[in-house]
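Could you have a look at this structure, given as structure tokens, before my questions?
Each chain carries a letter (A, B, C, D, E and F) given by its place in the written order, and its residues are counted from 1.
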Amino acid sequence: MSNRPQPVEYQDASPAVRAVFDEIKAHRKISDVNNFWKYLASDAALLKRTWEMQKAVLAPGTLDLVVKEMIYLAVSITNGCEYGIACHTALAKKAGMTDGMFGELVAVVGMANQTNRFADAFRLPVDAEFDV
Amino acid sequence: MSNRPQPVEYQDASPAVRAVFDEIKAHRKISDVNNFWKYLASDAALLKRTWEMQKAVLAPGTLDLVVKEMIYLAVSITNGCEYGIACHTALAKKAGMTDGMFGELVAVVGMANQTNRFADAFRLPVDAEFDV
Amino acid sequence: MSNRPQPVEYQDASPAVRAVFDEIKAHRKISDVNNFWKYLASDAALLKRTWEMQKAVLAPGTLDLVVKEMIYLAVSITNGCEYGIACHTALAKKAGMTDGMFGELVAVVGMANQTNRFADAFRLPVDAEFDV
Amino acid sequence: MSNRPQPVEYQDASPAVRAVFDEIKAHRKISDVNNFWKYLASDAALLKRTWEMQKAVLAPGTLDLVVKEMIYLAVSITNGCEYGIACHTALAKKAGMTDGMFGELVAVVGMANQTNRFADAFRLPVDAEFDV
Amino acid sequence: MSNRPQPVEYQDASPAVRAVFDEIKAHRKISDVNNFWKYLASDAALLKRTWEMQKAVLAPGTLDLVVKEMIYLAVSITNGCEYGIACHTALAKKAGMTDGMFGELVAVVGMANQTNRFADAFRLPVDAEFDV
Amino acid sequence: MSNRPQPVEYQDASPAVRAVFDEIKAHRKISDVNNFWKYLASDAALLKRTWEMQKAVLAPGTLDLVVKEMIYLAVSITNGCEYGIACHTALAKKAGMTDGMFGELVAVVGMANQTNRFADAFRLPVDAEFDV
């Protein structure tokens, strides 16, 4: 019995998993899905739900895709999630994030993490104007 | 002796603290600074450094102010920092965030927190293409 | 001088550390303790206290061991603690967690991390019925 | 313009939101939805997706509902999310969690948060047996 | 059935709980225990274990009590735990933390939270000299 | 286009970056800066601001350097930041932290992370005496 989760490759996948993999590849115009989807595929229902949520959340809307990917990256950095950081740095770049934008994002993320702790340390009461 | 940190009001502030308060008010075109600055003012050096960092990080650059404030808000939500959430929801709105943009931001932040945990749970190896 | 903490192996251990190692091995029916205990052993009092707490918390009670190990794993995933995830995935499996149960656990952990952020983002007031 | 998110009450809701509210009330046999759903309702698509995910994840499966709710609670405690803690303490009790089970859950959650930090502090290498 | 945990007051406590309360009061020279102990008392074994651990960890050792309390406070701020921040600000002050020391602690805690995120964002490889 | 951030070595650095590197090396009496600074150098303004903040925060004050470095380490452990843990274990040792002090620090950090979760789980009201 394996203790480490194992990826599901296309050739070994059930028809239900293959259908999701096919849709991801067509939607993103890529030749193979990345590890995130191969590991989630060990639970076909989880895979399908997660893909449908991600497709809906990242669909064209009010915010540009590059902004959504930068928010995704900001959260991943704050959580210290190595995979999320690697993945969404690449996807944000693909969506248009330049090195200059990355530097500004990192600066804001760092400052927010610092000042969030200042707010907690001083036990700040929320200003009335923010509570309207 | 008080156990709860206390704010410093303008009339009680040292000249060094007043100078920072004056600069914040002029820079942001507001009549009084919010609680964040009044509590930080108990340590004049910390107040001054924090303001100078914030002014530099939020200065016009490659990213629009509304994007920077939305990243600030995304981090504050991820940290569960009540003050940061209240403050940067208001500041992001002031910079142009609509209710629709807020809804999309919350959706991305929630999804990122979910999928970061999936990545850790499955102990995902980083794909070679993200490590170039 | 080493900067990285070093494990204590049985043959180099003090009698106090050996006594704890022996008890862990007998209690868990294993031939050697895992790295967690070898590194903690650099502080014999910390090792002893931690083992006694763990023995008491994981002792037979109202909850089955497999449920306790799954809760342990859910926390480790939420903290993004690689060692805790690897260790408690294995221990939960040993206690009876199937792949199907793991998939459901991961789905709940992911959803909880997502909806916790929604709750904070919307600054939800606690419903009266939950505060009875 | 309000800075604090506002709940959507049934009488003011759009047909799309009412349909989700009706389904939650029927599914959970309650007379009104709790604040979580009223605030999410400011974004009808987010409301619908979140409810469908929650319904699927908490549906009968391999794990009992009380175990799923306890895992939900363990994550909420680890995240320090006040609303999630209040809500899922109540829902876990409704699903059968006794005071004794709550005490054991809290003990495991506390211990896991402690030992996760020990693992990181000592920079523990993952044991080979956990990586099979 | 109450959904919110309830404190155990001395007059309603079992002999086992009273014994722990008496020891805390004698050890800390206080007339009543604070809420932390009253709520933990709903699980007598958890109360006893937690007090014994705390007594051992905060006992005279190599580090001064004020340093231990400041480390406790730094962790509580990083976790955004309101109760822990309030409690350990007071206990650190009782042990000798001045306002100047508090200001320096907050500055270090904020900076560490900021630079931890920089380290993750840039995916820093650990320098060889730190891995000796 | 590289997806992984790249370090800036001295020989390839701009004059502005070299000036900061030179100051760090002179201030810390080291022959080369560590990876933290080489990666931050991809954004010269971020590098300069971060160094000036760190120099100010770690300058001689009320707290000894070893205490500041131990607080830095306690935060890094709580955040699970591998680089921060490795770096500040080494820097704290350089500033005088012995193995005994490290063991006591780890014990306090672990206990604080445990009891913070107890405080949240029981939804503890802050005692009046802590709110004076």
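Just so we're on the same page, contacts are C-beta pairs under 8 Å (C-beta built on N, C-alpha and C of every residue); 3 or more make two chains touch, one makes a residue touch a chain.
This is a predicted model, so every value here is computed, not measured.
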Set of chains whose contacts include both chain D and chain C: A, B, E, F
Greatest separation from chain F - chain, by CA centre: D
Relative to chain C, chain with the most remote C-alpha centre: B
Whole-Å gap separating chain C and chain E, where each centre is the average of the chain's CA atoms: 20
Between chain B and chain C, centroid-to-centroid distance (C-alpha), Å: 34
Euclidean distance of C-alpha centroids - chain A vs chain F, Å: 27
Numbers and ranges of chain E residues touching at least 2 other chains: 3-5, 42, 53, 78-82, 86, 89-90, 100, 106-107, 109, 111, 113-116, 118, 120-123, 129-131
Residue numbers on chain A that touch chain C, as the complex places them: 1, 3-5, 42-43, 45-46, 79-81
Of all residues in chain F, those that touch chain E in their complex: 4-5, 34-36, 39-40, 42, 50, 53-54, 57-58, 61-63, 67-68, 70-72, 74-76, 78-79, 81-84, 86-90, 98, 100-101, 104-105, 107-109, 111-116, 118-127, 129-131
Chain B residues within the chain D interface of the complex: 80, 86, 89-90, 93, 99-100, 102-103, 106-107
Chain F-facing residues of chain D, complex: 77-78, 80, 82, 85-86, 106, 109-111, 113-118, 120-123
Contact footprint of chain C on chain E as seen in their complex: 2-4, 45, 49, 53, 56, 129-132
